[in-house]
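Could you have a look at this structure, given as structure tokens, before my questions?
In this document, chain identifiers A, B, C, D and E correspond to the written order of the chains, with residue numbering beginning at 1 in each.
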């Protein structure tokens, strides 16, 4: 397994779960700084659970999480935001009865005084996702599934984070919007932001990533550069559908 | 094949019910009238709560009218069985029981229609309005109900020609009726109907797309739940031997709601526990003088803080833990596909 | 390209004719017409917000269309209740997660099949769940949910709930299945199983499918024909190959 | 005709009282999806606390008012949120609603056993006196209640919808987990809601008690009327409380005069049930969100 | 030491809480006094109170419990519905029951164990009707009553009496118990243009009604029964009570030193002014004691036998507060008063003799 120096985030032997269920049982990995790392793994592997534990939505029963060398184990979400992490969760996460614009504005709640150009930022994001501009004054619940996801992505990336945790951003997005999202993430990376992403749309995701990480049953099975993961025949067989499309076309 | 969790749960319910019934048959031998009255009341209110538990606990329809149905049943029974009533004392109780159930069933169907249109607090409001109107009818229509003066001298039913004036005999009679109604409820809840009612509560949108007839099940949940209120009323009237509008006021519906929630909404045995809490415990506490309502309210609060799922939630929690442990074992045993 | 392009042997199973759905000034669906033939797998693609889900909801009675008609086997079904349609053999999945969170996985599946057995009364009085338990067990096996069969569905991961939702739509032998983004969040290997299952049901039971998806590999390898929507209207209909080559589709949806 | 005008004015005065008490329901619902069945008791208790402070601690009236306000905010603003709403909020609406029912018994019985079972006079904050309007008499107190109700509700409506803090409160109610993820201090938002609620209850209590007298059982009447007003106005709109209060007050008074007085309690309900059946989201409520 | 068990079955919560609390306090005060002087026939009274929540079912349970516990007498309840629900139980067990109810029907059902502590409405209302005719000289009357057994009973009793005397009923207005807002009712009374209004509400509602009708500038006679003219009403209604008048059964303000003394003791003990229910509870307990002592033993049967037809005079038993006669049905007969509110005080303007002289 690849070793990296000066990681932005490390998890050491994390144990966490729900009720009597332990989902993460000694999860350990490090996230390289200033790059995009994609976590893949079967459904129910515990990927989202990892994010929830990092961001303080779920209690880590054991183990240690460090961000930039600082122990952030069991920080609250607010504290995590303050140390420069942000999180875009999986699924539907809007405030249904607020307007689109008000939804987006709430993404800046944790902004410190340092960020003075928030309105301009919001405008810039709306340029990237024109649908949202068009529907800025509509109730968020009336958006289509993909539009809601776009809203969440815009809202989640308003701050100047060190580390972005983003959980399956591509669900519900049209191919063009997936590309747009990935290019935004790449731009952020180029500005020095570290990105940890979960994706089931694994091939496209790994293609734009620097590193890949395979999680299975709550444990890190593989960690390598993205091209290496993509090229690994076992990974391809087990988690990337083993060449779907060709099989049926035969 | 693994055992079906619903089956094992319901089997436990059935066993508890039957064993409980046997114990209750023999237990009160030493009790005086008062004690017998209190446990009879407990059973009667359990029936009413069982009905509300179906409407509210299983089907998720917020009804604030259960005491009104109790009242309809009680007044119907009084009218049919009392001296000077439509038929008078004697064999008329079984008829009164059936008529009480039927009237409340149809009233339930009618009240169910708004439930097809409105949800949540609006439904609560509609049912609350119904309960208010029923209370006013009980109170104002003196020619029919005795109005504020009430309806006295309601006879106890007769079995095999002998009148159940003996409190123990009447209690056992109530017990038998309770067990029969509980069995019917148990059967229904373990049938596909029970699951459909739950689906109504959990996710009506998905339920509809699976062919579940929301209209039919909503109306049924209301109607059957209400009919249990009516059945309870048919026992309540001869138990107290006097009725006036007070026990069927809105506040009584709220107490029934409390009963269901405190017992454990959506669990078969919840109503029995809840009714013990709402109707027996206050009797026990009454000896504490003026403070007993304070103590009672504090106990409700503490209980809900400990187990918001109701008393039976404690048992459920253990069950859930066991289930999770089993799932965990299976998860641990599942094969690792990619060896690190 | 595709293994089984079925051409219309008989009339269409489902026919959508001039369907419109407006929300105030928003024309979510704006005059959509197409036909779905017996035994085919039809894909629907289109940019976010172009009206795909709304179209499904109108077809299935979840929303009342502003205008237009839907027929099933030549019979008008516009405005029928979702439950009625389901009993006529039309099942569906949802784009957002829609399971019964406090029922177990197994109960979710049995529930999905039970209303297709017997009459209301026989369901109350008769023997229960005959055959359904076995069918549910099979689904659980297919979708790798074995260890979660007795867990509450609300505690499943996103992808697992998505799979459960699809499995529910497959219960009780539907004739026509409408799937709204079944692939979103599903692991690629599981997606292959899902596809396999879908094709098996299609072949063995002759069920017809309409699938909304953004996963192009999935749509293009699965569907015999694809409808492309844009801004509430049909932009193109054709075989996957035709669609891939259509410049208007590339412009509006696929990119490059 | 004269009678009619008088009834309308009296109805508006009553309606303002209902509205004032109803805000609590809509506010708490809007910002934390809780139904507080003790709302009526919340309006009953502050006045009793003032009288109790006078009676037992021999505090002069202004001091007693301060003590009552402080004590009430602490107990039923902070304490209510901290010890009842917090632990139970995760378990759905009903357990919490039942808990508030228990709380209402607790408050009522404490007031009765700890203070008095009898009604007491409560000093009016507004000078006695009345004005004539269209041939009908309106007391200054009625007018004050009217003004306070309108100002409080309009102000609150603007606060909740037009300020960022207000939207943070709404966000907390609509999706607490996401609100936390975005760094909204949900704890603070909920606390704020409950403090405002307690504050409004105090205001309502001080205004209403001189008219209705201070008595442990007042909460039942006020609570029920306010609950109905809140539903009629639409639970999910703070401003709905105003319209709902006035409508219920008016219908109530007109029904008492023109329809059978024995059924007066039912008339507004039945009318409003009809309204709701034709407009299921309440008079001013907005449509339920899209679910599919 | 042996005790005499008396079980109070009283409305301590629910709609009857205020009345019940007064009744209980009055009774408790009597018990304390009696026990301090050695009890009944040397045995202390063991007085326990079970709350009925003003609910007939609970009342029945509580009476049953008292009977099962071997109570010598049941004390209460006050509201007529709960009394109806429970009197058969006491009757079956042969236990005396001393109640606070005023509804006419209670003593007409052949129950042999029930005793009232206040006048039957059927006896009080003719006196009032006379008053309307002769003193108020009203040709039409608006009747405002509370829609519970107390108010309805009064309304049902007075309307025929008024009509018998040729007085028209200009308005017949039902109100709810615990009603807070009387504006509509006041407006209705005013626009009925009756010569007088008869107010038959519980105390607090009376006060609220008086305030509401004063706000409407009403200037015709306001007439009522005991509950309209009580000290509590005057305190709560303030100016608005000025000039209200009518008939009073029991009142701490009656020109009777025993009432006044009771009032003072009660005020000192409970820190508020007793209403007529307090007097009922107090004198009822003394009636229990007196009869028991007359029979010389603690025997229920003997007690009942003596009590039916008993005449208790204050010179023999000061605790009875006013000479009273209990008839075969358990009804009580005694003097009553005409009163008026003047300068914030209840002033007795006349004394009416008992229905049947004794």
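Please note the rule applied: contacts are C-beta pairs under 8 Å (C-beta built on N, C-alpha and C of every residue); 3 or more make two chains touch, one makes a residue touch a chain.
Since this is a predicted model, take the numbers as computed values, not measurements.
Novice: Report the chain whose mean Cα position is at the greatest distance from that of chain B.
Specialist: That would be chain A.
Novice: From the C-alpha centres, identify the chain that is farthest from chain D.
Specialist: C
Novice: Using CA atom averages as chain centres, what separation in Å is found between chain C and chain D?
Specialist: Centre separation, chain C to chain D: 48 Å.
Novice: Using Cα averages as centroids, what's the distance between chain B and chain D in whole Å?
Specialist: Chain B and chain D have C-alpha centres separated by 32 Å.
Novice: Centroid of chain B to centroid of chain C, CA atoms only: how many Å?
Specialist: Whole-Å distance between the two chain centres: 41.
Novice: Just the number, please: Cα centre separation of chain A and chain E in whole Å.
Specialist: 76
Novice: Quick check: what residues of chain A touch more than one other chain, meaning two or more?
Specialist: 18, 21, 42, 142, 238-239
Novice: Considering chain E alone, which of its residues make contact with at least two other chains?
Specialist: 13, 147
Novice: Please list all residues of chain C that touch 2 or more other chains.
Specialist: Residues 53, 62, 94, 96, 148 of chain C touch two or more partner chains.
Novice: Within their complex, state which residues of chain E touch chain B.
Specialist: 12-15, 48-51, 53-58, 60-62, 64-65, 67-69, 80-82, 84-86, 88, 103, 105, 109, 147-149, 152-153
Novice: In the complex, go through chain A and note every residue touching chain B.
Specialist: 1, 18-22, 42, 214, 216-217, 219-222, 234-235, 238-239
Novice: Where on chain D is chain E touching in the complex?
Specialist: 2-3, 6-7, 10-11, 13-14, 17, 109, 112, 116-121, 130, 137, 139, 211-213, 215-218, 220-222, 252-254, 256-257, 261-262, 264-265
Novice: Under the definition above, what is the set of chain D residues touching chain A in their complex?
Specialist: Where chain D meets chain A, its residues are 164, 167-168, 170-171, 174-175, 177-185, 236, 286, 289-290.
Novice: Going by the contact rule set out above, which residues of chain B touch chain E in the complex?
Specialist: Interface residues on the chain B side: 32-35, 37-38, 41, 139-140, 147-150, 152-153, 236, 240-244, 246-247, 282-283, 286-287, 289-290, 292-293.
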